[in-house]
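The same chain A turns up in both complexes below, where it pairs with chain B and then with chain C.
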Partner chain A sequence: MSLNPAMKRYNRRMIWLWLIYAAFLFVALYTFTHRLLGGPGTYLVAILPALPIIGVFVAVGRYLFEEQDEYLRMLMVRQTLWASGFALSLATIWGFLERFDLVDHIDAYYIAIVWFFGLGVGAVMNKLTLGASVQC
Partner chain B sequence: MLCARKSDFTPAQRAHTRRILWLLLTYAIVLPPLVWLHAHRHIGPTLSVLMAIAASIPLLGIFASWGRYLSDERDEYHQALALRRIAIATNATMGAAIVWGFLQAFGAMPLIEAYWVPFVWVVLQGVAGCVAAFSRGAAAN
Partner chain C sequence: MLMENRLRVLRAERGWSQQDLAGRLEVSRQSVNAIETGKYDPSLPLAFRIAELFERPIEEIFVAPSLRSSKAI
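And now, the complex of A and B:
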């Protein structure tokens, strides 16, 4: 399947955002490992790797906005709904397991990682129920 | 007066609202005794897992109810509005989770239970619903 212009832009944005993420994460890890900053600066550097990942969510939103093919858009909307349901449900269950001291606390960004995994779950569900999935 | 009439809602919206209210009521009834038991009695791990799942079920039901609503809604305009709301709530919630997660990872913020993330999502949906209902009421007046 050839990629339409919206998909190509989406892929390009994703590649850039993940590259920026790798660079920002390296900066943050280096800064914290070597204790280069203190005070409010630590908050800014801690938030730095979060920004490209927030950009990834924005990129998914922009793709939905820019996609002209209604069928492909519907497939992506279904994928994101599956991802949200999957991530929020797992977060709920994990949260209560934490509350009752059965599992350790996790950093909240793991929920976003589960969301990205949920996109894959959504693609599988689309394939199973509609026989097609978005192939960006 | 800023209030929405029953006729302002589609049948799918009414069913969804009914489901959400029942689920929240169930949550409010189920959670306090579970928290009390955990705090005041020594509970084994198996029962604790069951308690954690029991506390999760009403919230999972809320997510399922949103899926059901999107599938039941026949009015394409309302369906599109709901999708938009879900997209905004999800982006805002995930954004907050990522920022908080990195602040936790670098020791700038304390670790919190993961259910606060879906809690933020549900609250955002509630706020968006209230804003929509008030806007409808204002428009009708």
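And now, the complex of A and C:
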């Protein structure tokens, strides 16, 4: 299947964002491991890896705005709804389990990873219910 | 309730593949397939584009669910 212009832009943005994420994560880990910074600068470095992840959310939103094919747009909307429902449900369940000391603490940024996994769940659900999924 | 439509018949009359029709409508082949198989109802603008392409009124291509049920009665 050939990719339309919106899909190509989405893919290009994703590649750049994940490359930037890897670089920023390396910088943050290196900085904190070697205690290179102190003061307010540490906050800035600590959130560096979060910025490209936020960029991924923006890229998904931009794809939805730029996709001219209404059916493909609908498929992606369904995928993001599945991802959001999946991630929020899991976070809520885990939160209560953690509150009652039944499971270990998990860092909050893992919710983004669960959301990305949820996009995959959404694609599978689209395939099962509609026989199609967005293939970016 | 999704609409029924005669898209597959009209396309076949012209000897077009789903890809041909998708190209003429500037949508993906997946969209054409989803509409033909009744899994997706097109928006009003897309329905008008389809009607213009086949030079037919919309109601000759898409059948409203209410009309379908009244026929059944």
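FYI, the second predicted complex is superposed on the first by the 136 of 136 C-alpha atoms of A that agree within 3 Å, B and C clash if a C-alpha of one lies under 4 Å from a C-alpha of the other, contacts with A are read in each partner's own complex, and residues count from 1 in each chain.
FYI, a residue touches a chain if its C-beta (ideal position, glycine included) is under 8 Å from a C-beta of that chain, and two chains touch if they have at least 3 such contacts.
What you are looking at is a predicted structure, and each value in this text was computed from that prediction instead of being measured.
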item: Touching partner for A:S84 - first (chain B), second (chain C), both, neither; value: first
item: First, second, both or neither for A:V45, with chain B first and chain C second; value: first
item: Chain B versus chain C as contact partner of A:W16, first or second or both or neither; value: neither
item: In the superposition, chain B vs chain C on chain A residues touched; value: B
item: Contacts of A:Y109 with chain B and chain C, given as first, second, both or neither; value: first
item: Touching partner for A:F26 - first (chain B), second (chain C), both, neither; value: neither
item: Contacts on chain A seen with chain B and repeated with chain C across the two complexes; value: none
item: Residue ranges of chain A in contact with chain B within the complex; value: 28, 32, 42-43, 45-50, 53-54, 57-58, 61, 64, 77, 80-81, 84-85, 87-89, 91-102, 105-112, 115
item: Interface residues, chain C side, partner chain A - complex; value: 26-31, 33-35, 37, 39-40, 42-43, 46
item: In the complex with chain A, residue positions of chain B that touch it; value: 34-35, 38, 43, 45, 48-49, 51-53, 55-56, 59-60, 63-64, 66-67, 70, 83, 86-87, 90-91, 93-108, 111-118, 121
item: Chain C-facing residues of chain A, complex; value: 1, 4, 68-72, 74, 130-132
